[in-house]
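The structures come next, written out as structure tokens.
One chain, chain A, appears in both complexes that follow, with chain B as partner in the first and chain C in the second.
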Partner chain A sequence: MSTSSNNDILLAISTPPFWHCGRTIRKNSLHTLIALTPAVIMSLLQWGMPAARVMALAVLAAMATEAVCQTLMKQKLSQDNGTAAITGLLLAFLLPASAPWWLVVIGAACAMGIGRMAFGGYGANQVNATLVGWAMIFVSFPFLMDPTASQLQTTLADPLLKLKYFGAEAVADISVIDLLLGNQLGGLGSSQVGALLLGGIYLVLRGVVRWEIALSFLGGTFLAATCLHFVDGSLYAGPFFHMGTGSTVLAAFFLATEDSCSPHRRLPMLLYGLTGGILVVLIRAFGSYTDGAPFAVMLINLLAPMFALIRSHPFGTGPRKAGSADWRTRA
Partner chain B sequence: MNQFIQELTKGLWKELPPFRLLLGLCPVLAVTKSASNGIGMGMAVLFVLTLSNMLISLVRNIIPSKVRIACFITISATLVVAVELLMQAYAYPLYLQLGIFVPLIVVNCIILGRAEAFAAKNPVHLAIADGLGMGLGFTMSLTFLGSIREILGAGTWFGYPVMWDGFQPFTIMVEAPGAFLCLGLTLAAMNYGTRRQLMKRNREGSEASASPCGGCRACSIGKSQD
Partner chain C sequence: MKQYFHIINDPRFRLVYNEHRHFGMGPAPRKIRLNREGFTIVPGVKKKTMVYPGMLLAEHPSLDKGDLHAPIYGTITEINARSIFVEAVDPEKVEPGTFPAPLEPVDLIREGKEGEDLVLAVKKMGVNTRSLGRRVKTLIVNGLNPEPGVRWAEPMLAEHAAEIRAGLELQRRFRRAEEIMLAVPAGCDVRLAGIRTVQVDPMYPNSVNELMIREVTGEENPPDVAAVGLHNVWSLGRVALTGLPLMETVITIGTARDWANYIVKNGSIVGELLEFAEISLKSGDTILRGGPLRGESLDRLDRSITKGAYGFFVVNAGEVPPIEGDSPCINCGACIQICPTRIDPRMLSRYAEFGRYDMSRKENFRLCVDCGLCGYVCIARRPVLQYIRLAVKKLDEEERLSRLTPIEPVARA
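For the complex of A and B:
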């Protein structure tokens, strides 16, 4: 241990005794996959075989990319823990069912290659890997990523697009039940709001996902949307519309909660989710993109280290005073 | 003569400005949307760098050391204005493409860095060699980055289509994030190559592992923990 004398390296460790609860990455992944199953089934019912094609391709491409990268990086192959499959599946959920095969493959390869493996592998990425892949293809091929432009054989409409171009009155008659049942145009899985909500609650009950993040994310959306709705109801849609459209629910339960990209104390988690939820509405209302949820999640992922700085002081040291030296020197 | 060649070639690989020294990143990231932009910007910098190195080296004994930075900037600003006017006269489309980044050459880290670190301390012929080498390295790097970004992001190279029919351009590459992606991946590849080389050299038994990152202990810390 040549580095033990190096006082510059601050390691945040808690004191023993430790306790192993038997949880593994693979078990967590299995629970996540179970939670995603209702949304998969709903999207198959809604979009049919094209959706199955996109999902299978994305999962396969993500796992293959991970395997290739791990071989190149001389790491142990870890496709069996299921994290790559989840990344691929979540990416597919954000794509329209009509996405061409090469778009799916490029997206999954970017997600795994640049989003995760370039940082060193599972748990090392700063920004949700799925969203990195999604953002790269979304910025590059906006036309193919837009379900309204590419999904021609459907009578459904994208509610967020309607809101963007026709105002809140055009979407006032869309019922929440319709949104929950997935009767809306959007990403093939992210539009199955009810099923995702079901899966999300399962994950929260299982303890795989922290309720603080998911709840405060939805709460932030609700809060911001309500405020804007009261300011001008004809311009800004109501809170339940914002929570039920786009990928808000997917982001709240499955994207914002990725372990390596979110803070891990209660107050930071609450603030993290709240910021994300508010950003969703702000981007939708004032940004140039229709759906702000993925961008909001990427932004709060980058802010997560800042939120993580909100921490209690160690036992025996006073609260940090403004202008005083670092607490470690006074301990 | 040997030293002349040494100073000339160090900028081409060993101290390649954007990729090894990470200097002058502002134009590297901003103007490399296409290969021709990269080469244009590189040539402008090459011109300014060589001449400013030469001039500064010529007057290095006259400049009082307290105001040397101001003098360096005056000299490089003069040259940049000359380049800008020449570019407006003879390469107007390129001038429009590069925009604000031509005047910004004045405050480019490479110009000042080479002036301060090299030209102000060395005789004229070496300063010229240094400026030429660094400028050529800079041009090479910019053209390389510009080529990658243009080929992937627009499907063309120097304006000529090079990809297959029906190729969908990967537009993010010509946008701002693409510049960071390309730069990061290029740096990673170069570091990987250098490390492979070093490991190979170490394996061959030469004890003197000529580490390019001299004083930094980061690598040895990582090793001792394993």
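For the complex of A and C:
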């Protein structure tokens, strides 16, 4: 074998680094889908075919919208990286299983079209795309989005609704185990709290989502709920109730952690999550909506650039006053 | 537990490999290709000149850069703007008298030169003296493998310490530093007489000079401290021990499965090295000179190992996810989290991508230590390090031009 004289080998030219951690967008999406699988299974067990219908429709509509937008924008089609499917699936998780087909399609189209593609594509949006779609249909069709009003063939109740209208004592007997097992009325996937927690921990251990955000989001919820509960236990429910109901866990692990909408350094991430968690409880306790988690995430998404301004001084430069003449201290 | 949360979970980034084989001798080259950019060819050296090991071929006008010597017996087949090509000749098969008697060794240690005289003598022996340190208070010899995958540091400190000792002796006589220290990987028990050793956590990127200095001194970019690479000290020691000009370099030749350290002649053709190490290539593979994180990929098998190169690696097709055209940044923030100098590679890469090099200034692009981790963790497979290097080059150029005074048009009488 003589390699030096063999000139028909075509070598690949590339730029450093030549080694790579092996993570790609596609692999991260795959891990996220794996993490969402327990919740999908649990919601199928709970709601059956209607849930499957909503999830499939949302995923397909999201991918189709992305494809149409990318064609119009003359971008390369990228449905194979799975990010559109995740956006669609997460949207389905927030909808009741009884949602009509056109609602799902409008929601998914808004999420992808206005939430993501209007900003340029995956990773360019400032606010979580899923939540943009959700907010548009939630505000436009509140009756159809409310599982208590539209999901008639069930004996389950929405614990947050109970809390809002009957006070903390009415929900005091709801056990955490029931909440974890998904025995509550809510979004078809977001109410599968235990399954989502399992998937979320998997993602954290995989390093796909940042533990700082998930942990501080749940920590913020815990903290705020505990404070309010101590102030007036008959009016405000305990911390585990708030963490186990609505879409708190879904928001902590899957919505607030979207990379492009959150800060990237440690302290800003902790503050970002903490603010989100506190907002969840504040919106639930003092706002007009029963579940504050999606709105809390949208608010902290908008605050993320502010949090990102908190950064340590660059390598080898001391902490100096802002606005000093030295170019090295400008953030 | 920390590893679970850490982005890098790659055992290769621990720069201690328990490698203790002696360096092998590289192949006897059939051809040599020496880089001559910036050098002035000495009179009498032209096509068809017969050369012998240690023969001076070209000088560098700068005091910092070592001169160029022929590493083998041979004939110059071509000299172009970039390279000198030498074809090997068996000295026993030519007429006696074609080549002069072998060079008389110069014992730099015995000679007792010091200071600038010694620097000049070492330059004439082909060693790059710039890499041997500026005039500072403390000089730290970086005894870590420079990059993941490069594995010569441990055998160099243990099995080939004679060269290091000689190199450090000369280094001391340069009188460029008041104190010389040796940074070694933690757990590596190295003692060299008369020199203080400091143990450093051997996780990449701690082997990058700036970060190694921080590990040793506890300060970031402290004044009056500089670092020199172990590889350079070894080259210096090699010259001191052999008494001959620098004609070889130590490299790790590595693939994903196997590796070994060799002493190879400067200018060895990479195709010959591959053949020697019995590595076969397929189309789509990448070969690179230098290390896997900061090196450069070569386009052809007749490229050569340049003076001072410390590694030669093969990355097979499919080993890493392919780069697929222009991939936009998706703001995942992995590079921001991994960057050891706390700058923002995400924005820097975008500024360079869209030609807004001036914007790089407000993101402290000059603090980049070139470790390559940003590209290593990029899930969109963007050439982040290359973008930053591009910005540095463009802005250097711009600053150089801005220092020139414009020429006034000559007024016509």
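Here is the rule we use: the second predicted complex is superposed on the first by the 301 of 331 C-alpha atoms of A that agree within 3 Å, B and C clash if a C-alpha of one lies under 4 Å from a C-alpha of the other, contacts with A are read in each partner's own complex, and residues count from 1 in each chain.
Throughout what follows, a residue touches a chain if its C-beta (ideal position, glycine included) is under 8 Å from a C-beta of that chain, and two chains touch if they have at least 3 such contacts.
Predicted model, so just to flag it, every value in this text is computed and none were measured.
Colleague: For A:28, select first, second, both or neither according to whether it touches chain B, chain C, the two together, or no partner.
Modeller: Touch partner of A:28: chain C, not chain B.
Colleague: Is A:141 touching the first partner chain B, the second partner chain C, both, or neither of them?
Modeller: In the superposed model, A:141 contacts chain B only, not chain C.
Colleague: Which partner, chain B or chain C, is in contact with more residues of chain A?
Modeller: C
Colleague: Could you look at A:118 and tell me whether it touches chain B, chain C, both or neither (first, second, both, neither)?
Modeller: In the superposition, A:118 touches chain B alone.
Colleague: Per the definitions at the top, what is the overlap between the chain A residues touching chain B and those touching chain C?
Modeller: Looking at chain A, the two contact sets intersect at 2-3, 6.
Colleague: Which chain B residues qualify as touching chain A in the complex?
Modeller: 168-173, 175, 177, 181, 184-185, 188, 221, 224-225
Colleague: Can you check the complex and tell me which residues of chain C touch chain A?
Modeller: 4-10, 12, 148-149, 210, 220-221, 269, 271-272, 274-275, 279-288, 290, 292-302, 313, 315, 317, 320-321, 323, 325, 328-334, 336-337, 340-343, 346, 361-362, 364, 367, 369, 372-373, 375-381, 383, 385-386
Colleague: Show which residues of chain A lie in contact with chain C when the two form their complex.
Modeller: Against chain C, chain A makes touches at 1-25, 27-28, 76, 120-124, 204-205, 207, 211, 259-260, 262-265, 311-317, 327-328, 330.
Colleague: Give the list of chain A residues in touch with chain B in this complex.
Modeller: Residue list for chain A touching chain B: 2-3, 6, 102, 106, 114, 118, 136, 139-141, 144.
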